[in-house]
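Submitted below is the structure of interest, expressed as structure tokens.
We call the chains A, B, C and D, going by the order they appear; numbering starts again at 1 in every chain.
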Amino acid sequence: MSFQDVLEEVLADISAYRGQGKVAGYIPALAKVDGQKLGIAAVLSDGRSYAAGDADEAFSIQSLSYVFALALALEHHKSALWNHVGREPAGSPVNSIIQLEMEKGRPRNPLTAAGSLVVCDQLIGRRAPDEALDELLAFLRRCAADEAIAVDETLAMSESHAGALNRSLANFIAAFGNLNNPVEDVLSFYFRQCSIAMTCRQLARAALFLAFDGTDPVSGEAATIPSRSRRINALMLTAGHYDNSGDFAFRVGLPGKSAVSGAILAIAPGHGAVCVWSPGLNAAGTSLAGAVALERLVERTGWSVFV
Amino acid sequence: MSFQDVLEEVLADISAYRGQGKVAGYIPALAKVDGQKLGIAAVLSDGRSYAAGDADEAFSIQSLSYVFALALALEHHKSALWNHVGREPAGSPVNSIIQLEMEKGRPRNPLTAAGSLVVCDQLIGRRAPDEALDELLAFLRRCAADEAIAVDETLAMSESHAGALNRSLANFIAAFGNLNNPVEDVLSFYFRQCSIAMTCRQLARAALFLAFDGTDPVSGEAATIPSRSRRINALMLTAGHYDNSGDFAFRVGLPGKSAVSGAILAIAPGHGAVCVWSPGLNAAGTSLAGAVALERLVERTGWSVFV
Amino acid sequence: MSFQDVLEEVLADISAYRGQGKVAGYIPALAKVDGQKLGIAAVLSDGRSYAAGDADEAFSIQSLSYVFALALALEHHKSALWNHVGREPAGSPVNSIIQLEMEKGRPRNPLTAAGSLVVCDQLIGRRAPDEALDELLAFLRRCAADEAIAVDETLAMSESHAGALNRSLANFIAAFGNLNNPVEDVLSFYFRQCSIAMTCRQLARAALFLAFDGTDPVSGEAATIPSRSRRINALMLTAGHYDNSGDFAFRVGLPGKSAVSGAILAIAPGHGAVCVWSPGLNAAGTSLAGAVALERLVERTGWSVFV
Amino acid sequence: MSFQDVLEEVLADISAYRGQGKVAGYIPALAKVDGQKLGIAAVLSDGRSYAAGDADEAFSIQSLSYVFALALALEHHKSALWNHVGREPAGSPVNSIIQLEMEKGRPRNPLTAAGSLVVCDQLIGRRAPDEALDELLAFLRRCAADEAIAVDETLAMSESHAGALNRSLANFIAAFGNLNNPVEDVLSFYFRQCSIAMTCRQLARAALFLAFDGTDPVSGEAATIPSRSRRINALMLTAGHYDNSGDFAFRVGLPGKSAVSGAILAIAPGHGAVCVWSPGLNAAGTSLAGAVALERLVERTGWSVFV
């Protein structure tokens, strides 16, 4: 059976889940997305991409951006980044501020909203926020081999307008002295990284380097060094899905990152990268049909890292 | 270089860490263990074992027992076990009771003390506690291919005597109706499973099935089915080291379980199982030298699941 | 209008609340109490008692005992008691263990279950628990001028049998080294103090000294010194009703203590003491009709301390 | 002994505490206040004021403003205000955001920063923030019988500049839908109410109505109705001093409110109002010397509400 057939069977398998779950509704631009959308794309070691369903429709990448911003920030700051953010799973719901207080403004890991705000601040560094964003976009375009990737600026403004909770988190972190840049600069960067529009196919391609120790297996270009690539995968496995990370590791067995737009990015080390998109979310805020699709895909491919 | 040489080099590499950290002191029997002890053992796919340092000296396995009790309880109850315990990382220090209250007596995962108490209760089922313990010992002896494994009953009594915190956790869970057996029966089982005495070599051998999808590669006997074996590994990776689990995944990149006696068990899927023992603990309660040893071992073998 | 008329009007006023709320059901002996019971008694400065409804029917005093045990423990240990327990309101539901962990086993105040366990331990001191209990009973009998007051031992055994949550709290405190006596000794004392059977009339009489700076206005006998009496009142006002203390102060404006049996004891400084009993509890675990009765009584008498 | 002599003796008594504690340093304007300052003023039922030390030196009233804004908001919204804010003590340090999350954006009481932000929002209502602030200033001037009271606008700007924590709280509350006005409007009002400059003498005079059931005993003018006045006192007694409220009730026995500028306002029901000012704070953020002064004053006057 061809890999294309596998993807199509996976989508057929999970058709009963299509449209289930709750589409994120905190801003109109997300709420109006069609809950029936369902797409999957995978890119394997030879760089060839396979796709099924709505895999070429763009959506906002939301917290999938955390992974790429983290990779870049680690290039800039190396292990000094960990002075500002931890690497333990959160053990609490999305965006909880409780642990942030108990741990004095140092977020638990870079794959929570609070943690990504700190990563954004570090990535901005002493530059203008726009310059840092240009770097992030250039990185994504290079990894995805696609120059068309851009920020949906209208969405970014909506995110900012509805961003009271993230604004609260950023000010809270600032109150503990853990932001170097002005809070609104960091937030502006953050809302724009979340509003980058990409397709499943672009995302799977962009993340391919994480399946091959940091080096794009097609171009041979190193996005990062092996140890750093492995560590990003480790963070995705332990903390990539809010308070659903344990369950995702348990059921799927791959490093991954979930986003509120219904996308899940998964890395199959040594094999390739996969992105699935279905806007309906489960109670923990990760794509309901998307997680089932990845579970089925791993059953058929044997890609679990725990074999 | 032979694998034996690798183990010996690892021990040589980390000699500066020998004796560092703090030996657990909550009971005299643990406190008097020599902090200079340092052993490592690995068993590979052919069942052959390699060892260096104090790898044949017995110590109490403490919370390493959680892994084996979990495997057995899953055989008895299958997915119904998850009605009683979750599978998310805790995001809080060892033995924290805070989340237990917030989540109404359902522990976050089976690899915390609270979670293991629930697993013990389920494993006892409707049997006498002794009968269940006999099953656990038989399981360990069969997996380790060593009939000499036994409970250190004197230690178990000391554990019970000093067990106010675990007694508090067990009563707290019982107050929420999540224990079927009398609290003291569950505690008695729990303290005895923690007081089983084993060596690094025995532990690595006993855990070998987890590196091979649940089946002992030597005997060909299935201890559990593949999906369950992978899931136990997933739990070890996300939650095997208290509030140090993210850091261990980040640095070592293998499923593992740390114990307060200074032992760490690690699974290299497809390769083998490793156990390291060094009594000095870091601030999060895991073996300081042990974690460094595993980090070095993975650097030399490339066993990270995140490659 | 005579004071007797006032009490009777108060009971008439609140007849619509009789039987409302939820009778505590964690042990059969409490669950079977008739929810229609409603009694009130007040004792004024001349020692004369006024009563209406079921004011002469005995019930278990439960956490009203905390007040008297505290008064005695302060006589024994004076301000050294505060090394073991704080005096801040809890800001959390009944029996929450969360703060106990955050504050390392030192309960927030002596009018929570955790705090009273510490008070019990201190009151026992180096004596046999029975000797300390005899002292508490003698104190209650002397204050109430009634030798008939006794422990309902059958109830105490039921409380112990159903006491997993208190057993958890006590072991948790012990784990932090904040109990001097064996946990089960402290619990035995605790369950027995809670199982003392008294009537509204006896309780109002027994607490009269707190309305007169520590001295019984009839006998002239000092139960405690003025500053200590005022401080017990302050603790009752800020922390006497679990997480309903602020609301009680807001609505009633008197120092008081609520118990799970549906009793509320209130002190009107300079005027007298009141006890009301109605088993139906509100969501915060205090007597629903009882609190309304006290609100009405204070409206009619002007006894608020905040005038 | 005249009351003037009492005040002077109190100041003499506590001279050893003058300059102790830590002056609040989160903004330069507060940090540069002379820690040796010490003033006390009391106004009794005839409206006559007594003062000693630096009682006529103005300072920013900070959270003492909460009390007056609450009184006004209750006039506007009556009991509907309690839909937006609770009335239980917080049981946690100043400005903790933990409970705010656990209770879904409804602050525990109106005398915390979070609670006052909600009160400010309600007091603004559908008006321009400036109009509401004018009302608050007019209220303070009328109560204090002093037209000179004004906002220190330079300080308000500094407060806003250093206001990350309050900005975090306000955005957090807004994220739960518990603010009607734009966050920055509410914050602007909040920082300006905190920056009102007054003296001990003015503050004691302004709060006199709370000692007399809501009516100014000199002018006979009602600032509020008796039940509301008593309830404000109840809130001050249970929650007026952050996580030091229980201790203040225990030691002083009067309704009061502490501010980070080192001021404490205390109400002696039926007697008068007192304000003490000493910038050095204890660990809980209340004036160290100020609390001792009030303790001594109550010992000399017998004004405790718990007699």
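A few comments on the model shown:
Keep this in mind: contacts are C-beta pairs under 8 Å (C-beta built on N, C-alpha and C of every residue); 3 or more make two chains touch, one makes a residue touch a chain.
The model shown is predicted, which means the values in this text are computed figures rather than measured ones.
Number of steps on the shortest path from chain A to chain C, with steps defined by chain touch: 2. The chain with its C-alpha centre at the largest distance from the centre of chain C is A.
If you average the Cα atoms of chain B and of chain C, the two centres end up 46 Å apart.
With centres defined as mean CA coordinates, chain D is found 32 Å away from chain C.
Spacing of chain B relative to chain D, judged by their CA centroids, is 55 angstrom. Multi-chain contact residues, meaning those touching two or more other chains, do not occur anywhere in chain A. Contact residues of chain A toward chain D in the complex are 96-98, 101-102, 164-165, 167-172, 174-175, 183. Looking at the complex, you find that chain D touches chain C at residues 86-92, 99, 108-109, 213, 226, 229-231, 233-235, 237-239, 243-247, 249-251, 253, 255, 269-270, 304-307.
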